[in-house]
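See structure below.
Which chain is which? They are A, B and C, in the order written, and residues in each are numbered from 1.
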Amino acid sequence: MSDEMEQPETGEESLFDAPPMGEQERMVEAVLFASAEPVSVAELAERLPHGSDPAEALVHLRKRYEGRGVRLVRVGDGWAMRTAPDLGFLMQKESVETRKLSRAAIETLAIIAYHQPVTRAEIEEIRGVSVSRGTIDLLIEMEWIRFGRRRMTPGRPVTFVVTQEFLDHFGLESARDLPGLKELRAAGLLESRPPPGAMPGPGTEEPEEEAREGQSELFED
Amino acid sequence: MAEDDFRSDALSVSERLAAEALIVDVDGFEGPLDLLLTLSRTQKVDLRRVSVLQLAEQYLAFIEKARHLRIELAADYLVMAAWLAFLKSRLLLPPEPGDEGPSGEEMAAHLAFQLERLAAMREAAARLMARDRKGRDFFARGAPETVTRKREVRYQATLLDLMQAYARIRTRDEFRPFVMDREAIMTMEQALERMRPLIGYAGEWTDLTAYLPEGWQRDPARRRSAMAASFAASLELARAGLIEIEQRETFAPIRIRKARQ
Amino acid sequence: MSDEMEQPETGEESLFDAPPMGEQERMVEAVLFASAEPVSVAELAERLPHGSDPAEALVHLRKRYEGRGVRLVRVGDGWAMRTAPDLGFLMQKESVETRKLSRAAIETLAIIAYHQPVTRAEIEEIRGVSVSRGTIDLLIEMEWIRFGRRRMTPGRPVTFVVTQEFLDHFGLESARDLPGLKELRAAGLLESRPPPGAMPGPGTEEPEEEAREGQSELFED
């Protein structure tokens, strides 16, 4: 087995020969097995011998693990090995006590996932209430959301998007696979419709907050 | 119980009880939209067919009741109440000719849309949280092997660290807005502008340093710049015949006074 | 996927037959994969449904992984999954030292990120203390900052900008997406949790902090 790796020494040309596909599959298997985080195809290509085709190796590997206790799953741009969800009951020992998220945090997370990229004002518009301090903070800290591009509208507000860790946690291949996304879009419920005339907006910040913000404005570029 | 506050003819006993439970639970609501959504459930129809007029009345009854029980409601709730009262009047009265703004129907439709969207997001959130989740239903490698590039000593810093560091710097007390450092430079124009109105009062010989503005006297760099600018300005003023300058000896204080006409 | 969760509870199932051997093998596979420590046969027997034969399942599993990128190995009196030794080169395991970036470095980095392109003099102006060469060198070495264009002012000083590597590390699409002060506050990042070590008073760095940074900050005033 390990002899195969010594082959390249025999001739210059073989330096550029990729290992056989079976061997590449083993390598991808080893790398993904060793990592708790998803690994992208680009990263795999970087680590495998020159000329390898990790994308193809992944196809083979995925098939090999079908129906096993461990599966090969896609997470955003990455690939990862995860235990089969039907065996969760065996894992009490491993399961981590997840922090109980507040209703506000869960809703904010869902709104970001389904409406991304979304600004804070839009989240507030949808929930009809201002986003409490610390909610965004918490979601960033859990690495479930991150900052996206700024919106090209007046004030260039920052937007929020979900992360690969979010996809990984909820077992999603991509944000397109969010449950019910298509139906929601078809029903027009993911549009941001401007309210006709003056609707009461989500809560203006508490006055003391206003004052503090006012001051900080002075310091902004 | 001020039951007459509710339109008891329109609401059944169970609905009334439900509405009263709401009052008790007022802290449990996440804002007026949330409350409206809960109220709309009592209509027991598809959200798309909800009667906005009835909903407005339910909401107003709720507010009235809360007021009666002297429950403090956040301003948001009262703003919504005012808006719904307005909406109600628009829905009930025929539009006056020349009326500006959206029709009652448009406003009602938007409110219905908001409620439907909020309900949808809530349901989506529930479905999301009910998914198989990492660390509960499926698991990552328990004993991952660290993979590193050879050269690395890994330094850790998170985005939070970065932003907090920045916030820390930018909120220091001595912070002043950053400009390409012009803070320590005074131009002759600035000095002229400052001195012109002042020299009218300088009947007596006055040390030039007295004209240095507040905040430019201590810091050496700023003092130097202000001094140079003020001196240049005083030469300019002298050339225009507005002041006289004198210096008794080398390095003695430079003094100026208003020219005597 | 989640439908599979409807499986009967372990307790109930024990009233009936043990799951088929193929299923037991899957279970052992998942448990060994997810476990941080080697797992003994006794422990496996405890975790698998009643009547299971983990020893036999291990035999099957071991055979299944023969010649693969991952192997089933005995460690003490436990069993564990390990990457095949001939693929060790893919892991490039070296002693990694993780260090927290010094406060001087993180502040310098933050200023470069928010003000780029920025000269060293400007960084010092904003930080209120001089920036040591070591700090800049470290950030360059980490490939988080690089030289930008020279400033067209007297002395033509070099400027610093952040790199793609920086953006990748911090999960940003561009440095312009960094939130402003107002947004930091809105997200609860400013007041809600004072940074470790609290805010420095006007002008003074905490002396112990200076001392800790010691060597790399030799050149600080």
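By our rule, contacts are C-beta pairs under 8 Å (C-beta built on N, C-alpha and C of every residue); 3 or more make two chains touch, one makes a residue touch a chain.
Every value quoted in this text rests on a predicted model; they were computed, and no experiment measured them.
Participant: With chain centres set to the mean of the C-alpha atoms, which chain is at the far end from subunit B?
Facilitator: C
Participant: Identify the chain whose mean C-alpha position lies nearest to the mean of all protein C-alpha atoms shown.
Facilitator: A
Participant: Rounded to the nearest whole Å, what is the centre-to-centre distance of subunit A and subunit B, using the mean of the C-alpha atoms as each centre?
Facilitator: Measuring from centre to centre gives 30 Å for this pair.
Participant: With centres defined as the mean C-alpha position, give me the subunit B-subunit C separation in Å.
Facilitator: Spacing between the chain centres: roughly 34 Å.
Participant: Could you give the separation in Å between the centres of subunit A and subunit C, each centre being the mean of its C-alpha atoms?
Facilitator: Chain centres of subunit A and subunit C, defined by C-alpha means, are spaced 15 Å apart.
Participant: Show the residues in subunit B shared as contacts by 2 or more other chains, in ascending order.
Facilitator: 131-132, 137, 139-142, 145, 147, 159-160, 170-171, 178
Participant: Which residues of subunit C are in contact with two or more other chains?
Facilitator: Residues 1-2, 5, 30, 33-36, 83, 90-92, 171-172, 178-179, 181, 185, 189 of subunit C touch two or more partner chains.
Participant: Can you list the subunit C residues touching subunit A in their complex?
Facilitator: 1-2, 4-5, 7, 9-10, 25-31, 33-36, 47-48, 67-70, 81, 83-87, 89-92, 171-174, 176-183, 185-189, 191-193
Participant: Provide the residue numbers of subunit A that touch subunit B in the complex, in ascending order.
Facilitator: 31, 33-37, 47, 80-85, 87-88, 91, 94-96, 98, 103-104, 106-107, 109-111, 113-114, 126-129, 140-141, 146-147, 168-172, 178-180, 184, 187, 189, 193, 195-197, 199-200, 202-204, 216, 218-219, 221
Participant: So in the complex, which bits of subunit B are touching subunit A?
Facilitator: Going through subunit B, the ones touching subunit A are 30-34, 74-76, 79-80, 82-83, 101-102, 106-107, 110-111, 113-114, 116-118, 120-125, 127-129, 131-142, 144-145, 147, 159-160, 170-171, 175, 177-178.
Participant: Spell out the part of subunit B that touches subunit C in their complex, as residue ranges.
Facilitator: For subunit B paired with subunit C, touching residues are 130-132, 137, 139-143, 145-150, 152-174, 178, 180-181.
Participant: Which positions of subunit A touch subunit C when the two form their complex?
Facilitator: Those in contact with subunit C are residues 1-2, 5, 25-31, 33-34, 47-48, 67-70, 81, 83-91, 93-94, 120, 132-137, 140, 146-150, 157-158, 163, 171, 212-213, 216-217, 219-221.
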